[in-house]
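Read through the structures below before going on.
In what follows, chain A forms one complex with chain B and a second complex with chain C.
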Partner chain A sequence: MSTTETFSVSRPPGGAPKGTPRRLGTPMLATPAIIFVAIGLLAPLALMLRNSLNHYDPTELMVSAITPENYLKFFGDSFYQGVLWRTVWISGLSTAICLLAGVPVAYFLARHVGDLAKRMLLILILVPLLIGNAVRTSAWMLILNDKGVLAAFLGLFGHNGPLGLMYSSAGVVIGLISVLLPFMIITLNSVFESIDRNLEDAGESLGASHLTIMRRIVLPLALPGILSGSVLCFILSMNAYATPVLIGGPTFHMMAPTVYQQIAKVMNWPFGAALAFILMAVTLILTVGVSVLVQRRYRKWSE
Partner chain B sequence: MSSQARSVRLAYTATSILVIGFIVLPLVFIVWMSFFSNKILSFPPEGYTLDWYRRAWEMSDFRNGFFLSLRTSLIATVVALSLGLPASFALVRGRFRGRETINTILMSPMIVPGIVGGSALFVFFLEVEFLTGWRIAGSSIGLIIAHSLIALPWMIRLVTTSLISVPPSVEEAARSLGAGPLTVFFRVTLPVIRAGVIAGSLFAFVNSFIDLEKSIFLVGPDSTTLQIALINYLEWNFDSTIGAVATVQIGLITLLLLITDRYAKLSRAF
Partner chain C sequence: MIKGSPISLALSRRRMLALTLAGTALPALMPRLAHAAEGTVVVSNWGGDWNDRTVRFVEKPLLEDKGFHVVRDLGMEPERKAKLLSEKRIRRASSDLIHVNSSDAFELKRQGVVADLDLTKIPNYADVVEELKAPYFLPWLYSGVVIIYNRDKVSEPPKSYAELWDPKWAGRIGLTNQLYFNYLMMAGLVAKGDMTSVEDGKPLLEKLVGESKPRLYAAHQQLQAGLANGEVDIAINYKARGLQWAKDGLSLGIQYPEEGAIAVTFGACLTEFGPNRDAAYTYLDAMLDPTAMAGLAEASLYAPANPKAAISDETRALVDFTPDERARMRFLDYGYVAENTASWLEWWNKSFAG
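And now, the complex of A and B:
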């Protein structure tokens, strides 16, 4: 949005003089789009919030009521708490690994490659992201399968027997990382590029090692980007569907597949709706909580 | 370059190759697998064949799914264009209160998780059906609505980015010379933001084409998109037919993204 500011600064104070014809931008132009989003997203979400307070009856399906029973059912049932807990730790672990693997790549792209190479590498990173969850997950099934690429490769070194990566948490984490890494790399890359290179050169000329420069100069300055990249990855993995379903298999339960199961298969709309709102609320609380904690710590760090 | 700087650089290069390889290699393998002649998948292959492409084409789920996805995403892109282009003007050129709120509302389909948005839409459609008897879930209208919602924020994001770089004074000059608002739009603004509109349309199309989480609630027995056909097949089978379908999709999307990148830097879209 910085460009808008540049233009508004260069314009005469007070905006366009009175009497000039009205510009194209009136709120009216956004009305059709707003109505469409309101009907296609906001109204259905409001309805779902209302449904989460309804009563479920196995024969009549949904009975109108105002009851917290669906939320209470979630918090009284250790199975669903286990599902939530698994979703949270898998997401946290995947985000942490993405951060560790993403920082060097993003920094490499920002500091060590030319423009053309960078553009090519960014496309190479983005194509797998936009190839779709179905195709990407099937590619990982091909790799992780007991008779797949990885098993064949390890076989060359004398490792035989099943890998056990399919239908395991490790397999799901691997699959998730490959979806999330491109987001992390792109977010971090734009932050690293906005950092003044002279600061690093100054540190180096004063004798700091590269690790010290990263730890004391680059990473503190990149903290907002690190935070937003991690939040993005965490949110995406909390809501992941294809990876847990296909790599995790039918007995591996995470939140998004459970919401789908309840709403589309069991047709328990009240409970499914409650699950969806619990998922969104927990994601929001955790991301806001961690952001506040990190920023508070960072303030001490920079003082 | 000092030896320390050289070893730092080497460490970054090596890590980056590993990580980018981790992201890209699975796709390379699935393309490779689509040419294996083995009936039962094993490495290395016994030979090569193009037969899986024929088999994938002969499977009506994949063939019909491909054309349904193509058609749905095309219509969704047109809907997103006709709603998103005017909305982008309001967002960039407008000086009114609540502009940020409108922006948040228009971006919300991107922010609300696909499974949550999809299930809300599914239940909403079924409740409308109870009330009016009009069947939307499982029909192509339902799919088009969902896919247009996916496409709209991407369209607006890329068009506004390119509109911001056009100074309003260009339009004001045309207006002061007597051009009407529509003439200004078609003869002045649209040619300047053409690249943004093309990039926005391609990006909207790609994101609609690959959607899984919203569509999964809305597909019906005779309206299954390619992504849903893929995961339905994957639940019980794993053979090189998957590789053939995946390869076609990888080729199509890579091509579209390379075209997009000519008009707008891809990484800016995120």
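And now, the complex of A and C:
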């Protein structure tokens, strides 16, 4: 046939000989992105790392030095360790609640909803993200206030005392969940959609109850997606700024606002940079650690 | 694919796209022409009401209407200070003037990013209140930290800072997080009687926090809301803020403390590396113009730094301080404040931390 002839003409047998001109391979196409990331992300990070080793002086602000004192200050001061711990547990709690609330919603969207309704519901879920972060958090301030919308609503049922939600960790968790839940639902929705419905039907035909199907078939298959959704939510809440500042108030300290305070208000760039790196390191260690653990278990399941 | 075909001179879609992108990228690669337009001045200022009043009374009538082009860089002062300090390394400043308070001006001068003023170019400077002057700073509006109280709920307000520690005010005092350094110096004033005794004041402040449990608000607006809905009856804040809240409808009284109010001065500095120095000097002189100062004093309820401001006696009695009050006013030791403000913020966070 003519096609094979053309092929045999242009491609001598035995692979490409040394004389064939090299074509730009696919890795080269990633070069612009690599350069952009290197200049825009890695170089500033390296600069900040260098800054975190400098010495802070109230009069000269930042004095060039190589000193571990900023990191030592963090590890020696229980206040900042408390701030980091508070950030970690609030992020963990928010992620866990988002997971618990997101899985049913995502599964429902993936399995039991028709196309048009699904599109509408997805848009409805994404609407909170269309409003800017600070504006949405300000709205939550009005709702969670002791004399706000929620208090008025509960007052209809006779609950008249102070709510205690503003300026507390409960309020911050509520604010964070309102931001993170859409991310979780969207991620999980696409994961559940990719799981073949036949598998669930097969399980049902073999006599499994719905709970068993979820436990033995769906969730193990969805585990990578659940992991990526949780990692996304965890990272976002570790770095949350507007919600802790506005809802938590001036006495509620979390890592990202503390970094901002150190760098912008006090002009202690070395210590602020050190705090930022510690935050990044802790986030990385926790997410990579959990990912590796879960993937190891997943491999055991699928073998 | 036809082998051996001549290179096509026709513009393929791919080539068209590439040329278009190159064309749009070209202006970014061209050298920047210096915009040395006659009479441009770049000003760094707070936003919101403060900027609205600056534009209304100073920038529009005295500069823009006279042909100057004012470019504004608006934001909170931590960002604006950080920007100026980070530009120091490249010996360039994106703004010619920066609106700051006097403590920040001292810090910026020490960092070498603001210049000493050539007073021959600012004729109005000669009239400024003596206590507010500094070689690198143009004082503009000032006020003091006073005791603001709800007139309906408090018949006998505390007459001095020291009286705030009285147990009868427990749970009724409101503070704002933005003025933490003023509260520390207030405690030092109560403890030792001078403005450099914050260390002696810290145990007193801890006592206040522990026993009287003052409410801490994030910003001035929240403190105003707290006064309005009765969460607190006493607020320790600038006199001008109290007057503004009273103008907004709250029934408030102002009590000047016996120890002397801690002063706060707002003004402007000339940046060291700013490009348009002459226009900047015109701006600085315009800030102290008596008519502009009068309008500002009436609108913002801050005291004008130029006593020649053409304000009515009524307004003067309201916003300004009597000579006796002004003599007793406590001005900050800027070096002391700059040295310690970082450690004070940490201590403040820790002592109020939840």
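By our rule, the second predicted complex is superposed on the first by the 256 of 303 C-alpha atoms of A that agree within 3 Å, B and C clash if a C-alpha of one lies under 4 Å from a C-alpha of the other, contacts with A are read in each partner's own complex, and residues count from 1 in each chain.
Note that in this section contacts are C-beta pairs under 8 Å (C-beta built on N, C-alpha and C of every residue); 3 or more make two chains touch, one makes a residue touch a chain.
In this text, all values refer to a predicted model and were calculated from it rather than measured experimentally.
Touch criterion met: A:L29 reaches chain B, while chain C stays clear of it. Using the contact criterion defined above for the overlaid structures, shared-chain residue A:K265 touches chain C, although it does not reach chain B. Contact with both chain B and chain C is seen for A:K147 once the two complexes are overlaid on the shared chain.
Put chain B and chain C next to each other and count what each touches on chain A; the higher total goes to B.
When the two complexes are overlaid on their common chain A, residue A:T251 makes contact with chain C while staying clear of chain B.
When both complexes are overlaid on chain A, the residue A:G40 reaches chain B alone and has no touch with chain C. Once the two complexes are overlaid on the shared chain, A:T59 sits against chain C while remaining clear of chain B. Looking at the shared chain after the overlay, A:G114 reaches neither chain B nor chain C. Using the contact criterion defined above for the overlaid structures, shared-chain residue A:G161 touches neither chain B nor chain C, since it reaches no partner. Where the contact sets of chain A with chain B and with chain C meet, they give residues 147, 245-246, 263-264. Residue ranges on chain C touching chain A, taken from their complex, read 78-79, 81-82, 85, 110-111, 177, 216-218, 229, 338-342, 345-346, 349-350, 352-354.
Within the complex formed with chain C, the residues of chain A that make contact are 56, 58-59, 61, 79, 82, 147, 167, 245-246, 249-253, 261, 263-268.
Per the touch definition, chain A reaches chain B in the complex via residues 1, 3-4, 7, 11, 15-16, 20-21, 23-30, 32-34, 36-38, 40-45, 47-48, 51, 101-102, 104-105, 107-109, 111-112, 119, 121-128, 130-143, 145, 147-149, 152-153, 177-178, 181-183, 185-187, 189-190, 209-210, 235, 238-239, 241-242, 245-246, 256, 259-260, 263-264, 269, 272-273, 276, 279-280. Touching chain A in their complex are the following residues of chain B: 4-5, 8-9, 11-13, 15-16, 19-20, 22-27, 29-30, 33, 41-44, 82-84, 86-87, 89-96, 98-99, 102, 105-106, 108-109, 112-117, 119-124, 127, 145-146, 148-149, 152, 156, 164-165, 167-169, 171-172, 175-176, 181, 184-185, 189, 206-207, 209-213, 216-217, 226-228, 230-231, 234-235, 238, 242-243, 245-246, 249-250, 253-254, 257-258, 261, 265-267, 270.
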